[in-house]
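Below, subunit A partners subunit B and then partners subunit C, in two separate complexes.
Our next item is the complex of A and B:
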């Protein structure tokens, strides 16, 4: 096998892995803080793509995609906070821990709602904004410019996320709620506010992934379905509730998909991740960094 | 300073068919350290939950410094200066000891600078002699150290007028217990903070609390200095059960006294 080609595929895998990380970190983060799984993560990804596309084509113009990106992320985050406030929070009024089954029903219903809204608003068509950047020459290898932008964007966002979580008051409050809701509440932390922010930040990351990947994959109503599945693959690989696990799992999935495509066959690209998943479940059922059991 | 800090007025709370707290009315003076004892299941923790806002009463009021706490969520009650600890230490296991204290500063109602908050937190850690472990993760602490950390976090809250401590000394090493007692005394003396301490540890309570209250089957059955309370026949009955016919004349008065109190119900076997 040609080492140059192999390097190229490894790089391509890492680039896409960076984007997968965004999805996975978003899912893990919402789970950690709110103890619920957001099944509509892919739909926020899809909405991020649409918002980005509309911003670029209808308002800002294709040159100002960089300006559109933060706007798209903020729009999705705001939508997430609204959804949390209106649909998730009232269900749990007076209850400290989120009830998984309610959240599951609501967020799965949201996937149907959002997909159909996308069809109603934009039709069943596939859109794609122009590439964000011309191909980048990495040594001897050309890489699609939009992918490079997407990777850098993901890296910046994840860095920012880590900074907020590790180094700010908000991060401290978020971590305290993730580690002990009752304790945080007794210490004076406003849980409803933190939940709303956490949900907004989590789906904002998904929206960012959608906006960053708009030119790479297409923007269409079902575009989020696969990314949700991949997000959960990564969560299981990395371990539920572990942020480092999400990062490593994201890169691992990107690599496995990319190398599987070149070494075996590109037709089964989306299957290799499941292979890794099954292998890992057999060898290490808690995932790479997973909690052994949920702490009560 | 004459008006009481905390007034409980006819507090009542049932879970299903079981009345956990029935008609408790009492007051706590400002700067008082009050012990609260009672057999297991007598409603002490539920009472703390009613004051802290973790549970809503079915009937009755909690009035703090002249203002009702009715309908307020725990974080709003914390913002009024009420802090509490739990029987099982609710520390943030994957944070450092220092961060555990800094968390209270993130609460909405208080915005202090990092520097000031850190200085306060470090002073508190010195007070409870946890400063050597400031950068250890809380999950590495022993059970007693975690209880101590929980107490320190409670004391770190600002404003702080009332601390509700639920079994802070249970299963805690005597050395750590000593630090807790000193920290409570120090906070009480320096800042006039009021404490309501649920505990089974009579010797420790005797050192801390001027007065002790007793709960039994959800009712408030006695109040007073610990030694007087300990001799109260209703209290003895609550702890030891109804004296049988073989008991001496002194204890023999107990059933009659209990019948005019609130604990005249037959004991629920459940």
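Our next item is the complex of A and C:
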């Protein structure tokens, strides 16, 4: 194969992989802190896209997309915190049995609700804001400006996220809750507030991915469905609960999809990720960065 | 005793009145129950929901035409002595998904008692529901689903008023020859529609021994990033890229081909008329300029009186210009109504027989027939196809020049400067 072409495929895979990371980190983060899987993650991605589109087209104008971006992220994060407070908090407060099943039912119901709300509010049409930036030549690969913005935006957001988690009191509290909820409670940390913040931050990352990718993949009621699947693939590849694993998993998935679809067949693009997932589970059941655990 | 007889008399009178009312109803003194026409079309994702909305509008207009301009069904027309009967519409959402289409078709027939069904857009959904049409023997017309198997499988109750894969393949291969192009790339989604078009194009090239090298790639319809395939095409430098995506994938192919510098430097042909919709320019902006695309209607094409009525009334009712999806759904409603009138019956079996032997007015003229012909031509009537090109941003499709066929040509292919 032509080395230039191969480089193009690798670069294309890395760019898309970097964007996948945002979604996966959000899912992993919520899982780490709240010990629940948010199946509606893709819908928060979709809402982020819609909020960004509405802000740009109806209020701020296409030139101020960068101003719209934090507003979209904050809106999604606020919605997430509201959802957590109204629908998820009771399951912790009431100490219900089978918390996982409760969370699964609530978040899957939310996917249906949000998708149908999108159809009611915006109709079943596709929308796309104007590109955020002109095309960029990355080595031999011409890349859409919005993809570059999305990739860089993802890197900045992940950096900020790492900074908050590693260097702030909030991050310390989040990490302690992730390590041991009872221990954190005994140390005086308000678990319900931390849960709400963690959920808001996690879905905010998904909302950021949706807002960043709005001009790239279009915005429509089901635009989040595939993102959720990819996010879960990545966190299993990287190791459930591992943030570095999510990042490496995102890049790996992007590369495997890109190379598989040109070297084998694009008809099975989504199968390659699952192939990688099965292979890793067979060789290393905990994922790349996952740790073995035992429950009493 | 006297009082008892009085109560008996009242009871007898009541029974007599009830009987009289029943007889009166049965001989037609009351208005007859409306006949239901069913529309099964994608109204929610992952189907092409814009198409579904347009089809429903066309169907609503068809019902308006039947109930007003035609004066309802029967009522003395074609020597039919049945009383004039209004038509109502029942709409079901297929989502473009086979299992939902099957459930929707079943509901239309068993709950709404639809005498005929139309509105299909996605071939996979249409093909899934087609066996049910045969099981219930209820006529099912494909409004915009074009996979060859829909008619090639010779379902007794399935009909089509939309171009088939060979029509489309013949049109773009004719265009390719007229342009003097030889290397053609085709990016097709993994649906009955996409795969059917790849096969039809390959078959026609082989059959006519055309000097065209076709590089066809089939992609997963749920993929959102097609950059690797498009990079591969870019390296091969084709003369034309045929975009066989439906709905979101069609837009993604244009955007991503533009991002990597493949389009418009390499001409692209859209496999159906999605660019005539309002959202085309909203989604693509200047990126959408220079796209060529198949269209089933252009205002320069002469409309029949039926088509003219539809175009005028559509503009009045929806404050928009009618496009093919509206007109063909409208036409399907009228064809079913005409078949019922010709059969002088609302019995679906008799309507199927009438469709097979009759000739029906269409929006484009020429008269549609649905013969029991061989192969894919079974129960098939195709409207004409044209290839248009957008030559400037925000252009409306009625301003777009017709590039093909030569008999209707109003312009030549414009490459970017």
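By definition in this document, the second predicted complex is superposed on the first by the 288 of 296 C-alpha atoms of A that agree within 3 Å, B and C clash if a C-alpha of one lies under 4 Å from a C-alpha of the other, contacts with A are read in each partner's own complex, and residues count from 1 in each chain.
Simple rule for what comes next: a contact is a pair of C-beta atoms (placed from the backbone, for glycine too) under 8 Å apart; a residue touches a chain by one contact, two chains touch by 3 or more.
In this text, all values refer to a predicted model and were calculated from it rather than measured experimentally.
Of the two partner chains placed by superposition, only subunit C is touched by A:226; subunit B is not. Set against each other, subunit B and subunit C touch different numbers of residues in subunit A, with C touching more. Of the two partner chains placed by superposition, only subunit C is touched by A:268; subunit B is not.
Shared-chain residue A:184: touches subunit B; no touch with subunit C.
Contacts of A:119 after superposition: subunit C is touched, whereas subunit B is not reached.
Of the two partner chains placed by superposition, A:109 touches none, neither subunit B nor subunit C. After overlaying the two complexes on the shared chain, residue contacts for A:193 are found with subunit B alone; subunit C is out of touch.
Once the two complexes are overlaid on the shared chain, A:173 sits against subunit B while remaining clear of subunit C. In the superposed model, A:16 makes contact with subunit C only, not with subunit B.
Those residues of subunit A whose C-beta lies close enough to touch subunit B in the complex are 94, 169-170, 172-173, 175-176, 179-180, 182-191, 193, 295.
By the touch criterion stated above, subunit C contacts subunit A in their complex at residues 43-46, 49-50, 52-53, 190, 217-220, 222-229, 231-232, 235, 247-248, 251-252, 255-256, 259-261, 279, 282-285. On the side of subunit A, the complex with subunit C involves touching residues 2, 5, 8-9, 12-13, 16, 115, 119, 123-128, 130, 135, 141-144, 147, 216-218, 220-222, 225-226, 257-259, 261-262, 265-270.
Every residue of subunit B that touches subunit A in the complex is listed here, in rising order: 52, 54, 56, 73-75, 78-79, 83-84, 86, 90-95, 99, 102-110, 150, 153, 157.
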